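The two complexes that follow have subunit A in common; it is paired with subunit B in the first and with subunit C in the second.
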Partner chain A sequence: MKKNLLVDIGSTYFKVCDGEDIQQHFRDFNKDIFDDLKYKCADIIEKYKKEEVFICSSANGGLSTLIIGITNSFSLKYATNIAFNSGINIIDTVLYQNIKNSSIPSDLIDVVIITGGIDSVSDIFNEDLFTYLEQVNYSNIVYVGNENDAKFLSQNIKNLVVLPNIITNKLQVNENELKEYLTNLYQADIEGKEDIKHLYNITSNQIYSTPYIVNRTLPLINNMFKVADPFILVDIGGATTDIHYSTTLVNDNMVKNNEYDRLVFKKLGVYKSKESLIYAAKNNEFVYELLAHMNVTENIFQEDSDKALRTLMKLAIFLVLYKVSEAHPLYVHLKLDLLKSIVLTGGITKVLKQEEAEDIVGFFYKKILNTTIKPNIVLDSNYEIWTLGITQ
Partner chain B sequence: MKVVTGVVGNDIHVVANRLIEISLQARGFEVFNLGVNTYLEEFIDAVIETNADILLISSLNGEAEGWCRELNILKSKYPKLKDVIFMLGGNLAVGEAKTQEIVPKFKNYGFDLVFHQVDLNTGLDELEKYVKARK
Partner chain C sequence: MSLLQEEREIIVRNEYADNFDFAEIEEFVKNASKNLFISHTFKNSKKMLVQPRGGFPTYKKQFALNEFFVNANVDVLPLTIDSNTRLNDYAMSKKMLRLSEENDVDMLNGYPLVNHGYRTTRKMITHFDKPVSLRHGTPDARLLIETAIASGIFEIEGGPITYLLPYSKNFPLDKAFLYWKYVERICANYSKLNEPINRESFGPLTATLVPPCVTIVIQLLEMLLSLEEGVKSFSVSFSQSGSVNQDIVTSAVLKKMARYYAEQINCGDADIHLVYHQWMGAFPSNKDYSESLINTATVIASLVGADKIITKTRDEAFGIPTKEANAKTVANTQYTLRILNGLPNIVDKEEEEILEAEVKSIMEAVLNDSADTLWRKVFNSIKNGIIDVPFSPHIINNNEVVTVRDANKNIRIIKRGKLPISDRCFEYEKSKCDLNKDATSIVNDIIHDIGIMQ
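Coming up: the complex of A and B.
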């Protein structure tokens, strides 16, 4: 028997790993997470000391970002990539030269990122930036542009955090400090949730975000499964879908240290984000062929059945692949034609069979990439990736 | 002075690109080499990010013809580019072509200096003369 208790709090289910046994419980949304967990698993929790309990959570759904940069090819591209890979969801980007005519985001922005220029450049930003920012409702603001402008911006923007430039003097990306800052914000967001705070009553270990835990496990994935490189790992949850990928699948001319990056799709899930998933599916140009392929009609979206859930999960797989394919330019573009393996983890592995996952991936490859060659599908049916990662 | 350089379009003449970088450095320029396979937009963006004084695009076998036509449109979007020197050099046409026809065409696209089938050092000498004359 293992000596640790592992708990993963999702937006829809929580999973509890007690030794070799993994239980999955549907959350009671009328209860605090801590009360719900204690009610359903009190006998298990009692057996462990606080230092033996490890918890991760993806129940917060991620953060929103507004990035202001001076060019699409460098400052905006670099900051966008770093934000994506820190588990942040991009709300908007503003090209600085168009800032006077840019629309103001109506939602609260968790973090505004300002960047532009190598360190020897100066006087890029002026009053137009301050006028724009006065109209934006944000919680955090960080400057990661040329060092000469840092003082001027600090004097004019309240609570501005200044970090080293993300653009090196050779025009390469320096992601370390901004990535750490954003990852910490993500972490602080999780810890700041009242629901999550209570969980420290049963653990003395830090509570991490689930995407962070999963990402740390990827270099070890071949200890558990036969996965050919390059691969992607897709974690389809109730509120969000995370996609982790080998950096060899990205052709963006960026020199980086990390072997794996990740994207979080905030409103792509099969329970809490069900409506937005259906909306995205209905607006996809292939929706009718997709439904016909699955032998269902649009009426399936109104159903609340096992078949409807399976359909939503298949749609989620299709849509997440579509979003990172060249058919959809908004997100990071992965070279899916080079992909050798797709690892599926999360609740989806308890619902879909291997052949169903293979079928929908095959449909995607045929329709979007026009090929019958498709990657190998691996199902992490026993949450082995999460249970390994959380104790690393 | 800062120079952004690289090879435009679907062109992978990496040796020529490296020689240009070395030659520019030997003449005291601070060089930002974007390498081969670079789009025109990336060149312009690199000039903006570095506040470069010169953009030197190289091209072989006529690639520039298809990739540099929109220079004036891009220049018009960024007022800061008005003082930048735009230079193009290499083999700028496919097959036989007359220099007296090619040079005005690319100048019309927005380049200040155009060198078709001109030796690298001669081209850089001309660049230095041009820079001196503008001061």
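Coming up: the complex of A and C.
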């Protein structure tokens, strides 16, 4: 039996791993998460000391960030990568040269990240930055750009946190300090949320974001499944769909500690983001062929049935693969033709069967990549991948 | 089914590759002619083996090239793979192969092995019944190596460091280690069926002012990574440096250290061979000078006691050499080897002692890294600059080591970056050079030294 109790709080389910046994429970939204957990699993929780309980959570939606940088190839890309891998959701990125004409995000931004330039450059930023920031509603702001401009920005931006530059003089990425800052911010955010902070009654360990934990799991995935590299892990949940992908699949000019990166699709969840998922589907040129392939009509979108849920799950798989394929050149492009395995996890594993997942991936490969060869599909049918990374 | 076999089934599932029949391939390897195994040839040959380079896109041209080589008395046939296949872009190599076949123009710079498939290629390999060396430069060579061995190619060049740092900018190094680990395990498994599959590291690296200690350390580490997976026949290699004395010293230390470290991991039963590359830098445009350079390399290969020499051609400065130029260089090298008799045994104790100390210091730092596996220790060491290859394009390489030639053309370290060599060794290196010049003159010296044979 394992020594630890592992808990993952999701937006729809929570999962409890007690020894080898994993239980999943639908959230009761009329109850506080802690009360709900205690009600359903009191006998399990009582068996463990606080230091033996490890919890991760994606239930509070995570932190949102806005990134301002000076180049798409370096500062913006590096900061985006660090934010995603820290489990942070990115609302928007602003290329500094376009800042005067950039739209102002309407949402409250949890953290604004400003970056740009190697340490030997200076005088990158001017009044335009301050004018823009005055219009943004944000809670935290951090500067991780060239050190020469740090003083100027500190004098003009209230509560600015200054951390070491994320770009080294060799144009390599320095991710540690920003990653730690964002992870701690997530922790503080959790502590500030009534719903989650009570969970500290049962654990003395830090509560991390679930995507961060899943990312840490990936190098260990072969302990649980037979997955040939390069692979992607698609986590289709109630609120979002995440892709964690092997960095071999991108032409990247970054050197990082982690060999896997993450992208989050906030509008491709099947419960909380159902409407936006349907909207994205309806705007996809292949979706009607896909619906025909699944032997359903678009009326399925109005239904509230198991069949409709399965259709949404399949759409989420298709749309997320589509978005990172060559067919969608404006987004991150993964070399899907090199892909050897797709691991599916999240709520989807409770809904789709192996053959249904294979069918939809087969459709994608045939229709978009024009090949009958498709990657190996691995279904994390017990939804236990997160248990590998949580105690790391 | 074993986990490795499950992984193999996934790897070979590719629309551009043959359908793999593993049972048939195993039967083929088990019964394959021993003449196809370079490990067998190494054991039974009393002479240095001569191997050219070469690869053409179409089967017809590759077959003709091999015929030329056999007539020129080649010992080991090459199969150089095209650059699209090296990057796993089999779709493009298929397209270019078609164009090459239709128009009789070479649209690829090598043989697209995956597209030709193992069933076709095996006919050629078994027809000539000579060992074939696969030369490619691929970080993810898993499908390529499966195809090669199924074709009857039992000598595989490359490694996670030597096929990445000189050739690639972005490919993740940690992934390269894992993909090559797969290759080693496949080679080790097939080795149990007949003679051992030989693995060969690529010592020339960037071929640009690489200090011998760095070359040797990388050779040793790729050898250890291979042996720990069960490979029983391994070739370490290096290329002509420009200094005869330094090549002799490099060879002595490399051979001694390879044996020493193999025994350290209880792999002393493995056969270890030495391969010498003729000049890998820029060639002179005067073809007569090129021939002289090639002949000098052959003499040095004899002096260092190489088991195999890999040749260049007189046309090197002008693009991909023709089959005629390739065959000519094989014949000339064989002739030079035949007339080289009674060469002196040259020993430079001081240089050997310094070089050995440098190698041991770097190896110690690598092996003392806190990671739990050898490949991750090596990965960390490259990332930290403990191993640093001058002029490597890869973004992970530290690029802080600076080298220059001394008056005798020996490559010397004048800026050690994070290489953990002792102060005594570093002072020795610098003492051989004139560093009292201004910085511009030293930079000009380095630029001159890069093109030393031009």
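In this section, the second predicted complex is superposed on the first by the 381 of 392 C-alpha atoms of A that agree within 3 Å, B and C clash if a C-alpha of one lies under 4 Å from a C-alpha of the other, contacts with A are read in each partner's own complex, and residues count from 1 in each chain.
The rule we apply is simple: a residue touches a chain if its C-beta (ideal position, glycine included) is under 8 Å from a C-beta of that chain, and two chains touch if they have at least 3 such contacts.
Everything numeric in this text was worked out from a predicted model, so none of it was measured.
S.K.: One more residue to check, A:74. First (subunit B), second (subunit C), both or neither?
M.R.: After superposing on A, A:74 lies in contact with subunit B but is clear of subunit C.
S.K.: Which partner chains sit in contact with A:97 here, subunit B, subunit C, both or neither? Use first/second/both/neither.
M.R.: Touch status of A:97: first partner only.
S.K.: Is A:171 touching the first partner subunit B, the second partner subunit C, both, or neither of them?
M.R.: Both: A:171 reaches subunit B and subunit C.
S.K.: Check whether A:389 is in contact with subunit B, with subunit C, with both or with neither, and answer first, second, both or neither.
M.R.: neither
S.K.: On the A-aligned overlay, A:118 touches which partner chain: subunit B = first, subunit C = second, or both, or neither?
M.R.: So A:118 only meets subunit B here.
S.K.: Name the chain, either subunit B or subunit C, that contacts more residues of subunit A.
M.R.: C
S.K.: Answer with first, second, both or neither: which of subunit B and subunit C does A:238 touch in the superposed model?
M.R.: In the superposed model, A:238 contacts neither subunit B nor subunit C.
S.K.: Per the contact definition in the header, classify A:347: touching subunit B only (first), subunit C only (second), both, or neither.
M.R.: In the superposition, A:347 contacts neither subunit B nor subunit C.
S.K.: Once chain A of both complexes is superposed, is A:362 in touch with subunit B (first), subunit C (second), both, or neither?
M.R.: A:362: touches no partner chain.
S.K.: Hey, what residues of subunit A end up touching subunit B and subunit C alike?
M.R.: Dual-contact residues (subunit A): 170-171.
S.K.: Per the contact definition, I'd like the list of subunit A residues that touch subunit B in the complex.
M.R.: Its residues touching subunit B are 70-75, 97, 116-118, 120-121, 167, 170-171.
S.K.: Hey, which residues of subunit C end up touching subunit A in the complex?
M.R.: Touching subunit A from subunit C are residues 3, 6-7, 10-11, 13-15, 88, 91, 140, 169-172, 174-175, 178-179, 383, 395-396, 399.
S.K.: Please output the residues of subunit B touching subunit A within their complex, sorted ascending.
M.R.: 32, 34, 39, 41-42, 44-46, 48-51, 77-78
S.K.: Could you pull out which subunit A residues touch subunit C in their complex?
M.R.: Those residues of subunit A that touch subunit C are 170-172, 222, 226, 228-230, 246-248, 251-255, 259, 337-338, 340-341, 371-373, 375-376.
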